[in-house]
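Here chain A shows up in two complexes: once beside chain B, once beside chain C.
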Partner chain A sequence: MNRLPAFTISQPQSVAEASEMLASLGDSGRLYAGGTELLATMKEGALLYDTLVDVKTVPGLADIRVQDGELWIGAAVTHFSIETSPIVRELLPVLSYVESRVANTRVRATGTLVGNLCFAEPHSDPATMLLCLDARVVAQSTRGERQLTIDEFFVGAYETALEEDEVVTSVVVPLPPANWRMAYKKFQIIERPTLGLGVVLELNDGGDSVATARAAVGCVSESPLRSSAAEAQLAGPLESLLERLDAAGDSLADEADLLDDREGSAEYKRHLIKVFLKRAVQQALQSDGPSR
Partner chain B sequence: MSRDSDDAKVDLTPQNWSDLPVEPVTDVSHETGFQVVNKSVPRRDGVAKVTGRALYTSDITLPRMAHARIVRSPVAHARITSIDVSAALERPGVYAVLTGEDLKALPHTHYGHAVPDHAVLAIDKVIFVGEPVAAVIAASERIAQQAMEDVVVEYDELDAVITVDEALSPEAPVIHGRAFTSGAFRGFEEETVAGQTSNICEEAHVGWGDVEEGFSQATTIVEGEYYYPMAYAYAMEPYVAVGDVSDNSLTVYSSAQHPFMVRHDLAHVFGMSLGQVRVVVPYVGGGYGSKSYTKIEPLAAACSWWAKRPVKIQLGVEESILTTRGDDALVRMRTGVDSDGRIIAREATIYLNSGAYAENSPLVCKKSANRIVGPYAIPHVKVDCYSVYTNTCPASSFRGFGASLVTFGAESQIDELAEKLGEDGLSFRLRNVADEGERFFPKMRGLDANLKGDLRKLAAMLEWDAEPQAGRGKGLAVSASDAGAHPITTAAIKLHGDGSVTVLTGSTELGQGSHTVLAQIAAEEFGIPLESVQVVASDTAIVPFERSTGASRTTTLMGRAVQEACQEAIAQLCEMGSEAFGVPPEEIEQESGGLRHGDRSMAWSELLTSFFGMPDCEIVGRAYLRRAGDLKELPPFWEIGCAGVEIEVDEETGRIELTRLAAVGDVGLAINPAMAEGQDLGAAAMGIGTGLFEELVYDGQQLANANLWDYRVPRFTDIPSDVRLELTQDQNGVGPYGAKGGGEGSLNPMSASIANALYQATGVRVHEAPLTPERVWQALQAKKSSQREAE
Partner chain C sequence: MSDTSAQILLRTTVNGLDVAVAIEPQETLAEVLREKLQLIGTKVSCNVQVCGACTVLVDGLPVSSCTYLAYEARDRQVLTIEGLASKDGTLHPLQTAFIEENAFQCGFCTPGMILAAKSLLDQRPDSSEHEIVEYMEGNICRCTGYRSIVAAIQKAQASVADRSS
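And then the complex of A and B:
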């Protein structure tokens, strides 16, 4: 059986200290949150670090709070805490739902949302929904703080735009106004999702038309993605929305550049995108507020 | 559902666990007058296991013990041109590195109970990806792991054959260019030879009547090709062994199911007598066939021999998958029905991809050929089955081997026939399945089960006649396996001076409950409380010989041997009672906990004390079972599979979800009904796996999903909330009190039941398991486009 190679854990007391540690460790060190991806990959021998810098010892990263109409989720917050947070359940139930569907009880209890994003594994549920919600990632280093959109943050599979010494401190999600409708749908066969699909629909004042739409698909390409063509197709009167879904699904699928692989043929994935786009839209419209 | 509500308030202090209510599932004991058997007593190892106190092989640490890690082949077929271990040896903490070359100093370098074709470590040539090439032996696993990277192996690649088609093509390289004679079964009816000059490892031909004649009389014929996947018999405990070789003996602790069969291979490799080799098996964390026969024990022992210290090898799941898998099966089959709606002929050709070494595949081959016939009296039968060597991970037993992999096609085809006749699958089967006592398979024991009755019970549980909701369908299937439980079983019991009993058994506690069931039988026989019986198991130096712990044999054969051993001890006690009471033995009667003559009673302890003149003495009772008397006919019992499902199909995605699962366990008599039902549900759950999503997939020479991230095994959430189980207890088996084997049966019909239910729900038939969403969706697409064409 593969054994975890020996390593040291450093316990920084501030983000600045963590960033300094990362800078001086270079390739031999890495941030460590829940460890659910990191330790498993180190055990397999695919990654090797002498030192792990534990974000959980940095004070102030374990909070979920609302500030200026935005939800701030700290880097040490686990999936389970988000799922069960009264604030999230009330203000952004779709995220609570997404989190409740991630992995299994053990992973949700130790794994963090930020760890999920920073690992950039292509099969992320929250990444897809956060892309749809126009969320941002807050990164901090000794040089200062910057915010990246989800789109900017993901560079490819297992690759983010973070600098070596940057620590993600929070994820920020703008809270939706009352005329927004949203839903997330996932399809899973093996251990990770085969497909994730999120939609956010902004209704007009009369509530009979989609003013603007966002749709994101995840798990079928290196990073989750949106399609402006699909979003344009989704906008318009609700009455004829169903008829426009097929074309919108095709646009999303085109954007994703689907491949045949063990998770399914490109043909099947294209079909699934359409099925789940339809289901997500239907579910979003069934709710009477920005809920799941 | 709120997850918080899951945390129900249960007192988790260990002393309270044995008081947890255990509901008797089916309790016929009030009718039959049993005291201890036929009751759902709590499992005896339960508390030790859930509190982490139960001893498993990985818990064993010996003085001076080293750890070995295995360097494995990255290529499927190659000559090893060189192995350089010098850098590894220089690492501090590395004791030795063992290679195939070093093994040549041993009396034998190959082992295998069927045929000794299996190299302990690859010698000169590797024949599958993952084959052990060298073992690094070091002070810790971590050091061994690091040093593995310093072992440099050079390969000269050869053409590889991965599929059966490739292996059987005339240009195919022959994997084993030499013939092997039989291993542990020499001169025995399970004997096998393999290797020869082609890649066919074993073939089996079964038949009677004249199939051509049969098909010419048939009025309805269905023909088809079916594929059942390679699967991994996942057990929570991966393979682990500790080898300890000294000057004139060898002890191996192992997670093996069959300690005596492992002993044979070890004695062979090391040129030792059986008495010099001791195999000890503590608790095993699940077997399901994956731990049948020898796995890493010879390597652990060879490492110990080479490093001159005890050596532990602990594999992970990834390496365990590369150690053994189940055979897949490609089945081409046709079945014909006469004008009375009776099956008149069945013809099948089966190809098994058996991987690089024979392991148990020769037996899987023979059993597959028998079991594809099904529990039907068919006048004309012809079956040809081929087990084929390929450059893939070796295949061996998988729970109920030879049954699930062919029953998928066999029972799908039965429904296809019924459909063609415009009949439903239940009434077709009720007309065709064999009657109790009917000798439906020539030269074998007549059917020792009321399968028609079982089918009716199953139909009732499935509410067969009620129309399913839209999008749902029901399906069922049956099987009868000629249990490979060859009756060679011996047991001993010790009756201690205080009237308590120790059972000495070669049956391994794999989680199936043997420690509980065998203790229940001994307690019943002596009329003593269950708490007065202990079970000591699976130490070849201590316990009497048992062929194996597999093929559902333990309750039937070991249970009966324990029962007879108790009775033999009681016969000795009657002699002692005769002396004590001063009357002939015939006048003495057995009562609960002792003997009686008239109104004088003597407890077992008093009899022993009066005989020996001192307390604490003991006697031994023993029993030897062999193929004789009512065990002469094979199989000793037919293992019945009778299970069905209701499913819901999401036609847009092709995803199948089980909404109900029903199974009948026809076990003769359940010594412990709750555990018997647990076995049925467990077996059915494994069937959900291969029915819906479990399959090992080769991508070129590499297994693409040899880990639990990519290889999905069933979880609790895959089991529908509506589970209905029933036991048939007709006391018609050769085991104790009429018991028969169970625990494998419910797996066998599952994948066909699911395929049959899919047909009922959607009108599409899928011939390839598992029935993954995409396969189902593709089939639905094909149906739609053919409908469109027809319009």
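And then the complex of A and C:
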């Protein structure tokens, strides 16, 4: 049986201590939360660390709370805890849904949302929806704290804008007003999803027109992305929205710079984007509030 | 700062029994269960948390013991297939239903299947067939074609409901 290489585990008692540990370890150490991505990759020999810094021993990072109209999710909160959180189910059901469809039940029980983002695996479900929800990542080090948008956070596949000594303590998601409609759709036939697609539609006062729209696509590029052209095309009267969807889907696909790979041809992925954009928009509009 | 060097004394509870065992930080729960506690009912197949064969429950939730560090089980309750039947040997309704519905052939995926199903039925005893399929989709069987597995879970579900009504 393939085994993990030997390492030690450090147990910081504060974010500052974790940051100091990461600074002194450099490339030989890495922050460890649920480990679902990290340990599997280490087992396959693609990553090697002498020390894992267990962020879960830092008190106060396991909470989900609402503050000033925003949802704060701590670094040690698992996908399962978010999926089943009464707060998330009530205030941001789309996120509960996204989390309920991450990987498999075992990964959801162990893996954390923040860990998922920090690993920057291109097939992340929550990353795509969080981009669509204008979420931010809170990064702390002994040098201070900063917040990054999801767009700023992802630099490429498996690569984030985090400095070596920075610890992501929370993800912050602004809670949607009552006139927003949203949905997330994914398509998966192999181990990881082939496509993830999120939409957020802000309806006007009369409820007959899309005032502003956001659309994000994931899994088909190094990082999830939005298309301002697609979002402009989605805005406008609801009665003609169906006619605009095809062009909006093309815009989203253009932005993604699709490649032929083992998950399918670029042409196939363009088709999927258009089909799933339509499904996501239809589902978003079926609800009478900001539900999934 | 407390560092764990080469060995850790792991204190955990396995199948209701308190256990203290020396482990190394990189040892997985499956390795400790199988090699140090001789609980070989936990099977390892893909070894990278995709197939579900190695599923055990920690505090009632399923984990892939092949990639879950034994370190994480400290002060927690671990349940393996060996701990599912009553002390007098009476099988759990899921075990009985798997036998009655012929929900296995080679049996390698079965401990993981049964434990995952137990977690689902404990959390959501009234799960629909769709919810059962969705929950179990991360547990892979290469023999039966799944139909009999879903039937067994539904049978156990009915049996548990009867017992508690």
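Keep this in mind: the second predicted complex is superposed on the first by the 291 of 292 C-alpha atoms of A that agree within 3 Å, B and C clash if a C-alpha of one lies under 4 Å from a C-alpha of the other, contacts with A are read in each partner's own complex, and residues count from 1 in each chain.
As a working rule, contacts are C-beta pairs under 8 Å (C-beta built on N, C-alpha and C of every residue); 3 or more make two chains touch, one makes a residue touch a chain.
Model, not experiment: these values are computed from the prediction.
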item	value
Touched partner set for A:T110, first chain B, second chain C, both or neither	second
Contacts of A:A46 with chain B and chain C, given as first, second, both or neither	neither
Partner chain in contact with A:M21 - chain B first, chain C second, else both or neither	second
Partner chain in contact with A:E191 - chain B first, chain C second, else both or neither	both
If touched residues of chain A are counted for chain B and for chain C, the larger one	C
Which superposed partner A:R3 touches (first chain B, second chain C, both, neither)	both
Touched partner set for A:Y268, first chain B, second chain C, both or neither	first
Touched partner set for A:T36, first chain B, second chain C, both or neither	second
Chain B versus chain C as contact partner of A:A178, first or second or both or neither	neither
Intersection of the chain A residues that touch chain B with those that touch chain C	1-3, 5-6, 191
Residue ranges of chain A in contact with chain C within the complex	1-13, 17, 21, 35-36, 39-40, 43-44, 52, 80, 103-107, 109-110, 191
Residues on chain C engaged by chain A in the complex (per definition of touch)	1-6, 8, 24-28, 31, 44, 47-50, 52, 55, 58, 61-64, 67-69, 71-72, 116, 119-120, 135, 137-139
Interface residues, chain B side, partner chain A - complex	3-4, 141-142, 145-146, 238, 314-316, 318-319, 652-653, 655, 693, 697, 699, 704-705, 708-712, 772-774, 777-778
Parts of chain A lying in touch with chain B, wherever the complex brings them together	1-3, 5-6, 84, 187, 189-192, 262, 264-265, 268, 271-272, 275
